[in-house]
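Structure in structure tokens, see below.
Chain IDs A, B and C follow the sequence of writing; residue 1 opens each chain.
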Amino acid sequence: MDKLVPVPSRGVVPERDVDKRPILETNNLGIDFGGLIAVDDFTILVGRTEIAGLIGPNGAGKTTVFNLLTNVYQPTRGIIMLDGISTQGLKTYQINKRGIARTFQNIRLFKELSVADNVKIGLQNTMSYSLAEAVLRLPGYWKQEKRAHARALELLSIFNMDHMADWKAGSLPYGAQRRLEIVRALASEPKLLLLDEPAAGMNPSETADLMENIRKIRDRFQIAVLLIEHDMNLVMGICEGIAVLNYGRIIAKGSPDEIKSNPVVIEAYLGKREEENHA
Amino acid sequence: MSFWQLAVQQLINGLQSGSIYALVALGYSMVYGIITLLNFAHGDIIMVGSYLSWFALTSIAPFVPLPVAVVIAIAMAILGCMVLGVTIEFAAYRPLRKSPRISLLITAIGVSYLLQNTAQKFIGASAKMVPYPRIPSVNFAGLTISGVAILCIAVTAACMVGLTLLVKKSKSGKAMRAVSEDADAALLMGVNVNSTISFTFAIGSALAGVGSILFIIAYPQASPFMGGMLGLKAFVAAVLGGIGSIPGAMIGGLLIGVIESLVSAVGLSVWKEGVVFAILIVMLLFKPAGIMGKPTTEKV
Amino acid sequence: MSKKPLHIKTPVRYLINALLFAALLFGGRVLIAGGGVSPFYVGIVTLAGINIILAVSLNMATGYLGQLPLGHAGFMAVGAYASAIFMTRSGLDPAVAMPFGLLIGGLVAAIFGVLIGIPALRLKGDYIAIITLGFGEIIRIVLLNIDEVLGFPFTYGAASLKGIPETSTFFNTFLLVGVTCFAIHTLMKSRHGRAILSIRENEIAADSCGVNLTYYKVMGFTVSAFFAGIAGSLYAGYLGILNPSNFSFMKSIEILVFVVLGGMGSMIGSVLSATVLTILPELLRQFAEWRMIVYALLLILVMVFKPSGLMGRFDFSMGRMLENIINVLTGRKTLKGKGGKTNG
């Protein structure tokens, strides 16, 4: 694996990404709910093809960070630069068009729709035919729909789910629902993929497959991945840079090895059982 | 009459109808607070209450002295509304506790429709005169203040104080607040959620019963569809004040009543309802949580 | 079983549907022209057609977009009055004016849809029901009293707008039923329709998938209003006389009953329930008084026992039915459920 080169004061990115513009850069990002400071001074850097991890105990503010990055919540302070451009003032759907797609901790699929339709909603931004073309079934409709269908099947095949295209999304087994969320996110052709606990509820062999697939996705689409995860094997196994969040603040940043040996992290998060987990 | 006398007169008229709206609005507010349902049938409970008064005052009155008949009428209206409210919750809303909100709302519309049309079928479409005894007016500082207005305002104020004490001080009140905050957590803490919801419906409907008596004393005619517009206006009052808030319902009700009477006073009475709905729309657009309400956000 | 199941190609499906629809339309016309059906029944069937358009258009907002507007009668009223005023004042021959009247009715209702939709759809859930109810009532009150403000007869308020050419024949009405169903169907089976459905399914996920929530909510709402306006225009040309009391809150509820009973999100459900609930009460006149009570009970019972409505979200496809029949008859497929699959 690439050696991790720390970038002064900002974080770490893989060597191959060092001379390129980072895909995501936040500076002093923060949000208050009422009087409560939920996230504060959140400053990270994610390289163009990096797999980065965001970890921390429950309630540390990890999902809040995702909601800030996608402008579901408007930040109280700080800056988000996506591919070098500020995302301030954009709506959530515009952020998606600009290149961030995400999954949700508590799966949010379009349950009553088919698997293929779920992916095609992700493909929404890649299609352009008008309302009139749709209603009158003009050639533009047929052409783009045909292409979208093929593309949906192709994306589903990443997780070997193309044979499930006609199934109802809500009827899929749990693990497949999580994978479908990732496919749907990929469909919108993001530059940065946010995964919120992708391995939650998966067994060890499913988790191992998922790790492999996340790496495959990064290699194939040449995108960056930022993931929140509690499964340390997954985080330490695929993440190149990790930020640890506690009480809404970053308490450590670095490579997996640095994080593993950081006493502050061990105290705040991993605790004494860390040794047993990796025994 | 001078301008000031006229203005005060109109204000009192407004407070009279406003206090009735406030009582009805309370029912909407309490039910929304506890199961987040717009109980469309609430206005029709008032209609049923009015018919109960009518029944007592026309069918029982010949056999007993008038004061006894009035007491029976009042008791029948309040208890009848209470029983009806609890029954509706038990039969129509409780089975839908876990269903989407839209199903619950449609059921409430169905119940409203059912009450109206059942009344029309079995009692008849024509209005019935409800003969509560007349209440004498009071002369004060050159003004003639109708006794009905004083009665309405006094009874509403008393109900409001009573309800506030009930919700703030009593054990059932605490349970109500707990369930409206988080029904699942309340259940874990040993609150009987079902009986608390029934209790809320009982109180809300009893207030509707009181409202029906006041309404029918002020405008002594009962008809199958009388609850519709009254309910809608009270509901606007609840939204205006901030749905889920007791003082909000009071403020909203009185405001709607006063505004209506002012619109009528300047000769635009045909637009009265239009103005009420326009206020509703403006309010929803600029402060959907209402005057006293708190905004809510969905957790992602 | 070795043979591959037959698959009817899409253009052929369209052709089959078009032919069946034309047969129904022209068959009905010939039957009526030949005097085979009494005018009373023609009237009922025409009314059923208007109610189908109303139900299918409300289903767009309720079943597909997942909102609960309670002011559908308001859009219908706006369309009815706009078209009726045009038809009575244009001086054109009714046959020539009719298409314009319909279009005007639809467009004016659509404009109201946009104007009401943009503010209303910023709100959530129940509040949309309330605010649309408010708008619907305001429309009715304005139609009732506007002449007083204008100082000249415009809607004729409570005195009724009379003398509207009765252009809503069986043929015209059902032609528009076909156009409406086709347009809504093709819209829903497109990227725009999927965006609308995604809002119903999960607003937050739709937002994060790049669906512009406001745009698609307003689009769904406006299309719904447009067809309600068309239905209103037809209604004006059916009755020949309009009064604001035709468009009360109760009318909105009646349309909602069609949609809910048929199954929110099922077009065929809306079509069937609007048809049955229009024709049945007319045929059972002796029980007219019970009709409303039965409606109300049905509404409650369906919600308690089968909240998805009679047809759920099932959508009927003539092509797929033919496919299945042929496949079963020729032994390409057995009569077993497919399990877990959706209908589209």
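As a working rule, a contact is a pair of C-beta atoms (placed from the backbone, for glycine too) under 8 Å apart; a residue touches a chain by one contact, two chains touch by 3 or more.
All values reported here derive from a predicted model rather than from experimental measurement.
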Chain closest to the assembly centre - both centres taken as Cα means: C
Farthest chain (mean CA position) relative to subunit A: B
Interchain centroid distance [CA atoms averaged], subunit A/subunit B, Å: 50
Distance between chain centroids, defined by C-alpha means - subunit A, subunit C (Å): 42
Inter-centroid spacing, subunit C versus subunit B (mean Cα positions, whole Å): 35
In subunit C, residues with contacts to at least two other chains: 204
Numbers and ranges of subunit B residues touching at least 2 other chains: 300
Touching two or more other chains - residues of subunit A: 72, 104
Subunit A residues touching subunit C - in the complex, by the definition given at the top: 70, 72, 91-93, 96-97, 101-102, 104, 108-114, 117, 120-125, 127, 129, 131, 134-137, 141, 144-145, 148, 166-168, 171, 184-185, 188
Residues on subunit B engaged by subunit C in the complex (per definition of touch): 36, 38, 92, 95-96, 99-107, 109-114, 116-118, 120-121, 228, 232, 235-236, 239, 270-271, 273-274, 277-278, 280-281, 284-285, 288, 298, 300
Complex contact set, residues of subunit C against subunit A: 183, 186-187, 190-195, 197-198, 201-202, 204-213, 219, 265, 313, 340-342, 344
Subunit B-touching residues of subunit C, taken from the complex the two chains share: 62, 66, 68, 119, 122-123, 125-127, 129-131, 133-135, 137-138, 141-142, 144-145, 148, 204, 249, 253, 256, 260, 264, 289-290, 292-293, 295-300, 303-304, 307
